[in-house]
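Next, two complexes with chain A in common: one pairs it with chain B, the other with chain C.
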Partner chain A sequence: MFTELNSILNASPDTITQGEFILISDRKSDASFLIHHFLTFYLKARCRVCFLGLVQSFNHYHAVSQRLGVSLLQAKEKGQLVFLEGLSESLSVLSPRETNTGSHLGRGGEAMDFLRDPAIGLKSLYEFVRSSLSSSDGAEEWGPPVLLVDDLSVLLSLGVSVGAVLDFSHYCRVTVCSQLKGNVAMLARCDGEEEEDDGDDEGSERLLKGLTHQCSLTLHVQGLPTGYCRDIHGQVEVCWRRRRQCEGKYTQKKLFQYKVHDKGASFFAPGTSSAVL
Partner chain B sequence: MLTELLQGADAGGFVIIQDSIRCSGRHLLKSFINAALHREEAVHVLGFEVDEEELKDGVKGSAIDRVHFHNAYTDPLGWTDHPAFTVHQFCLEELTHLVKQSSHSRPATLVIDSLSWILRHRSPTAVCKTLHQLRKGGAVRAIIALLHADMHQKGTEGSVCHLATSVITIAPGMNGDQAVAKITKRSKSGKVMQDEEIFNINEDFTVIVQSKLGPKNTPTEEKEVDPTANLTFNLRLSDTERKAKEKLALPFVFSKEKKTALLHSGPGSGRILYEPDSNDDYDQEDPDDDLDV
Partner chain C sequence: MAAPMSGVGKPSVTSFQKKTRSKLISIAGTRPSVQNGQLLVSTGVTSLDYLLGGGLAVGTVLLIEEDRYDSYSRMILKYFLAEGVVCRHELFVAAAQDNPDDILQELPAPILDDIAIHKPAEQPRLSSEPQESLDAMKIAWRYQNLPKVQSALASSCRFGHYYDVSKTMEPEIRQAAKFHRFYVPEHPTQSSPTHSTMPESYSALLKSLQEVIHREGFDLAAPMSNSRNILRIGLHSLGSALWGDDLCCHDNPKNGHSLTTFLYGLRALLRSSLSVAVVTVPSHLIQDRALMGSITRLCDNAIALESFKGSERETNPLYKDYHGLLYVRQIPHLNCLASKLPDHKDLAFKLKRKQFTIERLHLPPDLSETVSRVSRGELSGAAAVASACGSVTSGNKHLDF
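This part shows the complex of A and B:
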């Protein structure tokens, strides 16, 4: 976890706000370092985590988390982490001869059912999430449940419609945030420029807009508008929405620049990079 | 105009609050709910997007009993065994039944949060038909709906807004507290009025209209700035000076007197005698001949 990001978000492993739906998004950039932050953060906060790793292998996340001080293997063995390795589970869907050893609940193959027929939607994936987080064995020792998804945009490339993904995120929010009082963090990626007049029905832009309406906190990662810089890897715009106490402010936004290191990332106000000062 | 809409004078009204990701319209929706509760009406909320706790956050006191929250948030698609209210139940019969069940003699206001959710799962024609029937049906006195303008195609958004008597489009204002509302109101006589107002919402969800920007099509009148004011020297003319200025003949503007004086030389001035010789090109049809100079 990145300590500077914790202070920006007013969060620490000891006191976490519950019921948050966090949307991590990027445009022509790579925001997956934030997923690693949230994964290690919630594991350190002793929460029960269900992680849908659809784009990378388990070893990849394990290697990065070790550098951040958390062992995913141990967490998985202790029952704190439920990991759906999308890449290997999808093999078991496509070639049924392979034995399904991915998820300890034995239902990983069913969760990826949408690969056979994307039109059926993500109901079985949602059922997987619900059963992983609401099962009561060993639930007393862990904190509130957390769902992390990396990432949602790959579902669009696999043929799932934008509406189905938005329904899935809605149901996850209902179960995890409202009923179980946990948190959800999802990553959604965009390739193109932001179009003001979005005429197309499907696409990552519409998904991003729909998710933004649903969420309570967004972290949007972009490259620097002025171009490539060796010392500053990009900017993050943090936007708080839908806060409980209506202080009259609709949304609160803050902009930071960041640099990713070997063992973390540092965040600073624009123009205050250590390379510049 | 925003305050009039909040006071909800006309029955059969259908108000749409259009928002976008830049500025959420849910606070204004809650203001409408609060205003309806002040008028002692029963409010039925079809909640698809936020849960009951979040929507009722801010409604205080006994008025909370008059808010009937129909939970379409927990299971809108019927994925569990016992859905409370699904999106497929959005039709005239079900909604009339729902409203008549809870409110007995009071006029009911139906609040839909949000219409975008329904439009994602039902065809726009079915939704428009249901809304139209609801308005004519008489079971509800007024309908207020939240619509996310950036989630739909222009055609869908246009069709739904066409049904509405008033459309309020919200955009972020200059500072974080304020928002700008563009209001289009269609009265029963067919007259369309447009207005643009800056407003902010207090903690108790009352709306304060800061200023009216006015409809954009009237030209903004700017006071002409007098350039001769506030100078250390005098650029103005008195009356005699102005008369003398107008009498002055400018040097290169030819009046009739001046022309005749120049062309017909007076006595004593020289005369020019011109005899063209063989080298001169004396063209009878000289195009410059008819110049009156």
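This part shows the complex of A and C:
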């Protein structure tokens, strides 16, 4: 986890707010470093985590988390982490070997069932999430359940419709945030400019708008508006929505610039990068 | 595969130790990365290796967005396959337009006068070479065994090799390499029993790849033996109409996600085996930029080529040192948080006989009398007269004394 981001979000592993739906989004940039932050943050906070790693292999997340101080293998063995490795489960669905036609797919293989026919939607993926987070064996020692998804836009690339993805996120929010009093963090990536609406990037724009409406905290990562810089990798806009305690200020926005290092990321106010000062 | 470390918090465990932790198998033609310990192979073009951070990581995909006439992207694909032959890796070539055997016939010949490279297969041919080269250096004989100095972007040249594009590779060298092929017209479309999300050519290709990886033992799950090898996969012109895909034909393709589903399956295959893939896509035919964005995100490394051939830039004297522009669209961050992006975004390439150079684009000095660079009146006259020499003003009458 990144200590500077914790102080920006007023969060610490000892006291976490419950019922949060965090949306991490990016536009022409790469916000996956924030997913690593939330993964290690919630594991350090002793929460029960269900992680849908759809785009990278388990070893990648494990290697990065080790640099940030958490071992995913140990967490998996202790039962704290349920990891769905989308890539390896997808092979059994995409090109089924002849010997496997009669055999039973594992839980992960059933969760990736939408690859066979994207029109059926993400119901089996939701069932996987629900069964991993609401099983009560040994759940007393862990904190509230957390769902992390990396990332949702790859589901659009695999043919699932925007409506199905929004349904999935809504069901997850209801189950995890309201019923189980946990948190959800999802990553959605977007590629086009915000102004153009000639239907080029309709899918991911609509997904982003729908998710922004549902969430309570957004972190939007973009490149610098002034161009490419080697020392400042981009800017993050943090936006708090629906604060229940202060009815006056409904949304609050803050803008930071960031730089990603080997072992973390540093966030600073615009113009105060160490390369400039 | 990674053994769990006891914890990063301890002061004795440094990242330097992690890099020298030798779980890496030593395979010919590969080397570990200095940044994060990944196993790297050379793409065949040393400048491109430098741009990608030392080489192409095993288990990743390099996406090349083709130039308009598919000349330079095809050249890079051939460099990649030729490097595989020279390093004795296995090759898998899939194409829809040309027979993979024809692509193999056109591989450039490696330049073998670098004595540091040991290749037992070519020993009989090399026996005459050292005599000549020793004779060539009588005075500076101490420099004989040093590797040649490269002025363009390059890393150590023992890792990559150089090729002479005016000659094709000798049949003896080529036949020493094991080669698998997939030619789309040879796999006629049959009605699949289950409803598939991809056109049959893509699913047949994925199945064929999986079968080759499993049969030849490139699976990481297979028991580790002493002789592991790398499988180099070259996929030519994916997404074009000859693959049965309508991405390039329509504005709103019917199954717009077929190529992306295939790339997802390809990534799954590569992450679990010792193989590398280079994929070329005719991106100039795809109208939907967002689709190109999602294709790029599903590949790890991505570069785009724009050649000057046939455009008005070909005769522009500003660009006459280069054959085209090269854009780096994406560099992955594998097993680490940050990726090493190139410092400059304005890169240009030139295909010379013995080297494919990628350099930072720099304009030649403007020696004409007029101040503005784009004064076409005098410069175009000079370009018509000048041949391939470097000075812009060779025909400029104002400086004739």
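In this text, the second predicted complex is superposed on the first by the 257 of 277 C-alpha atoms of A that agree within 3 Å, B and C clash if a C-alpha of one lies under 4 Å from a C-alpha of the other, contacts with A are read in each partner's own complex, and residues count from 1 in each chain.
Heads up, the rule we're going with is that a residue touches a chain if its C-beta (ideal position, glycine included) is under 8 Å from a C-beta of that chain, and two chains touch if they have at least 3 such contacts.
Because the structure is predicted, anything quoted here is derived from the model rather than measured.
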item	value
Joint occupancy of chain A by chain B and chain C, clash or fit	fit
Contacts of A:P13 with chain B and chain C, given as first, second, both or neither	neither
Partner chain(s) touched by A:G223 [first = chain B, second = chain C, both, neither]	neither
First, second, both or neither for A:Q252, with chain B first and chain C second	first
Greater residue coverage of chain A in the superposed arrangement, chain B or chain C	C
Partner chain(s) touched by A:H213 [first = chain B, second = chain C, both, neither]	first
Touched partner set for A:D167, first chain B, second chain C, both or neither	first
Partner chain(s) touched by A:S71 [first = chain B, second = chain C, both, neither]	second
Contacts of A:R241 with chain B and chain C, given as first, second, both or neither	first
Which of chain B and chain C A:S88 touches, first, second, both or neither	second
Lowest inter-chain C-alpha distance for chain C and chain B in the superposed arrangement, angstrom	18
Interface residues of chain A shared between complexes with chain B and chain C	201
Chain C - residues contacting chain A, complex	1-2, 4-5, 7-9, 15, 194-195, 197, 203, 206-207, 210, 255, 257, 260-261, 264-265, 267-269, 271-272, 288-290, 293-294, 297-298, 333-338, 341, 343, 345
In the complex with chain B, residue positions of chain A that touch it	123, 126, 163, 166-167, 170-171, 174, 178-179, 197-199, 201, 206, 209-210, 212-214, 241-242, 244-252
For the chain B and chain A complex, residues of the former touching the latter	21-24, 26-27, 49-51, 54, 57-58, 73-77, 79, 116, 120-121, 148, 150-151, 153-154, 172, 176-177, 179, 200-203, 205
Chain C partner contacts - residues on chain A that touch it in the complex	30, 32-33, 36, 56-57, 59-60, 62-64, 66-69, 71, 73-74, 87-88, 90-91, 94-95, 97, 115-118, 153-154, 156-159, 189, 191-192, 200-201, 203-204, 228, 230, 233, 260-265
